[in-house]
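Worksheet for the structure shown next.
Every chain is named by a letter (A, B, C and D) in the order it is written, and numbering of its residues begins at 1.
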């Protein structure tokens, strides 16, 4: 039994290392297709010509970064892994590895259609991540003990947040209005309040469990 | 002696980490040669033009994913590594690293000859993996104690499964008939039955060993 | 509590592994855009034609190498990680991942403007690293116990050293005078003296603490 | 003191992980510049046209593989790492990361001059690795306790073997004679005899030490 537990923990460990490597490669490859312009005069002109590419790079780097943080957080709450989680995690990574391609699409075309494809991909990664978490927390019993409400809260946060943040920032960039950034500030503020409430609730329920 | 055992476990650990990194890079590089088309009108047209590349990407991602899962499974049953396993594992990785090239061949030509080369490479990776496992389990005594029958079963599964799955899915894609997918369902179903029988048998023999 | 401490140590571990992967990819990608010239006659001509690219490669490899050493050193003094450090570390990695691009700029243009952009990027990476360290040491209380003076010294070294070294080497390369290399020798010599003084001081204060 | 020992072991661990990542990326990038030919008729023609590229790939994959095995072996005999080893190891990795470039040179030109540059790079990697090992074993006292003779033997093997093997295989490929392969067989055979003698000698000296 102990040998099996050890193996399942090893499995989770290797799953995380593999995912980290894919995250690291995807985030570093974002810059590999960016090349300096052939002719440029002075630093200002250089940045002027590269502005779209650099902005797309910053957005995509932020997206992969947010997903890495999100992955680190959710998987730190797992105790073990199984074959189904392998597959679901691979689906998420398979979508993530397409992000350099979507980034190229974004800077080359810069059209609303390209932005839609991009946001669609970002949202799909979030949904795939949420499916993996949902499986791990509800069906595979792979997570540490935690209240069902918290599991659902993590599920919703993982599923919706990245697509929402990405959409809101595009709204602000495309319409050149501050409404998108304002929306993001509201979401971040709201989440920190909910996080605090969840923590208090968990603490209380832990105390109750301990007292019982 | 203990120092040596520790070193051999370290060896296995480093071998696995190195392999994981190669898997992660190969799987992420699959997408790097895909570029968006120069002219496209609307999202439907974009996906229409990129359809072959995306399908080849999905198939190759699945292939590398299956090999990663297979590698993780078989190597989790090893206790230590040696120089010969290093070499055999490198041969397998050397073939795996050619998969982005074979994927490019597949989407550019799309001919039956290209599909043959692709299936041939996938099958070679499986055979190289099987040779590594066979060495580790039968000659190098690197695996944990397990019945010879189970070792052979793992050997056959590792050697034949990926090439078979890949061929069957190509049969369905090329002939546009469901026979390939049906075959895959039969194989997966049959394997899960065999897996269950193997597990029962192992459990019984473990009990018998414990009782003896 | 112990479970939490374990998790925070795990967090730091995963943060370091992820950073290492990004460092490794960035440093290896530096060479990927370098291609041999189409026509060359003999080894001397080959090196003559590739001289600029190889020199830019050597400088960039040294830069990433120095940052890796610096990262390894500072993060070995941390005990745990938190969400803010994730973000600050990602910002640093996001700048670092642009170095292959800046290297290409350097060898293609070779102008003073390109050198300025390059030095600017190297300096930004140093500043981003320093911000991450400053947060970890002063605000996040993530570091092991150490005197405030030492924290500040590490902060300044991390923030200023790479940009300074890079500028000095460029001064020597562009002006073809030894003043830059001389400056570097002075800086390295001065730092080793300061390092020794810091070590003595820390040893003394440790003894005093132990005696108290 | 114990805290320091732990840190130095961690340092070595991170150094090895970083090196493994660079090895893995370099070995996987070898294939990335290989593209299928535009026109080909049948599988035989495809392999005929790609023959030079695939042969260069096989040789380079073997070279990186041998260096990885060599790195794993020598570093498994180290107990800790220091700043100087960081730098010497980085120099070796910096040369290794140029191998995809040298491989491209080899298959594009195919001249004797290209082969010379290639063998020169392979030999330089070996020498850089030997310098790192020599520092670790003789000056930095970073290795586990072992006889000086064995340290020197490892040094010579690490320094000379890869360049020698690479030269011999090129001799056979270029002159189309079996002398190179024959030489390799002699070297491998001779080394296995020496290895056995070394092992016996070490065992004897260990017994003598234990008896004393």
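Observations, loosely collected:
By definition in this document, contacts are C-beta pairs under 8 Å (C-beta built on N, C-alpha and C of every residue); 3 or more make two chains touch, one makes a residue touch a chain.
It should be emphasised that the depicted structure is a prediction, and the values quoted were computed from it without experimental measurement.
In this assembly, A is the chain whose CA centroid lies farthest from the centroid of chain D. Here the C-alpha atoms of chain B line up with those of chain D after a rotation of 90°, rounded in steps of 5.
Under half of the residue numbers found at the chain A and chain B interface occur in both copies, marking it as a different-residue contact.
Separating the CA-averaged centres of chain C and chain D is a span of 27 Å.
Taking the mean of the C-alpha atoms as each chain's centre, chain B and chain C sit 38 Å apart. For chain A, residues that reach two or more other chains under the stated contact definition are 17, 21, 25, 29, 32.
Within the complex formed with chain C, the chain D residues making contact are 7, 10-11, 14-15, 17-18, 21-22, 25-26, 29, 32, 83, 86-87, 90, 93-94, 97-98, 100-101, 104-105, 108-109, 113, 116-117.
Taken in their complex, chain D has these residues touching chain B: 16-17, 20-21, 23-25, 27-32, 34-36, 40, 42-43, 46, 57-58, 61, 65, 68-69, 72, 76.
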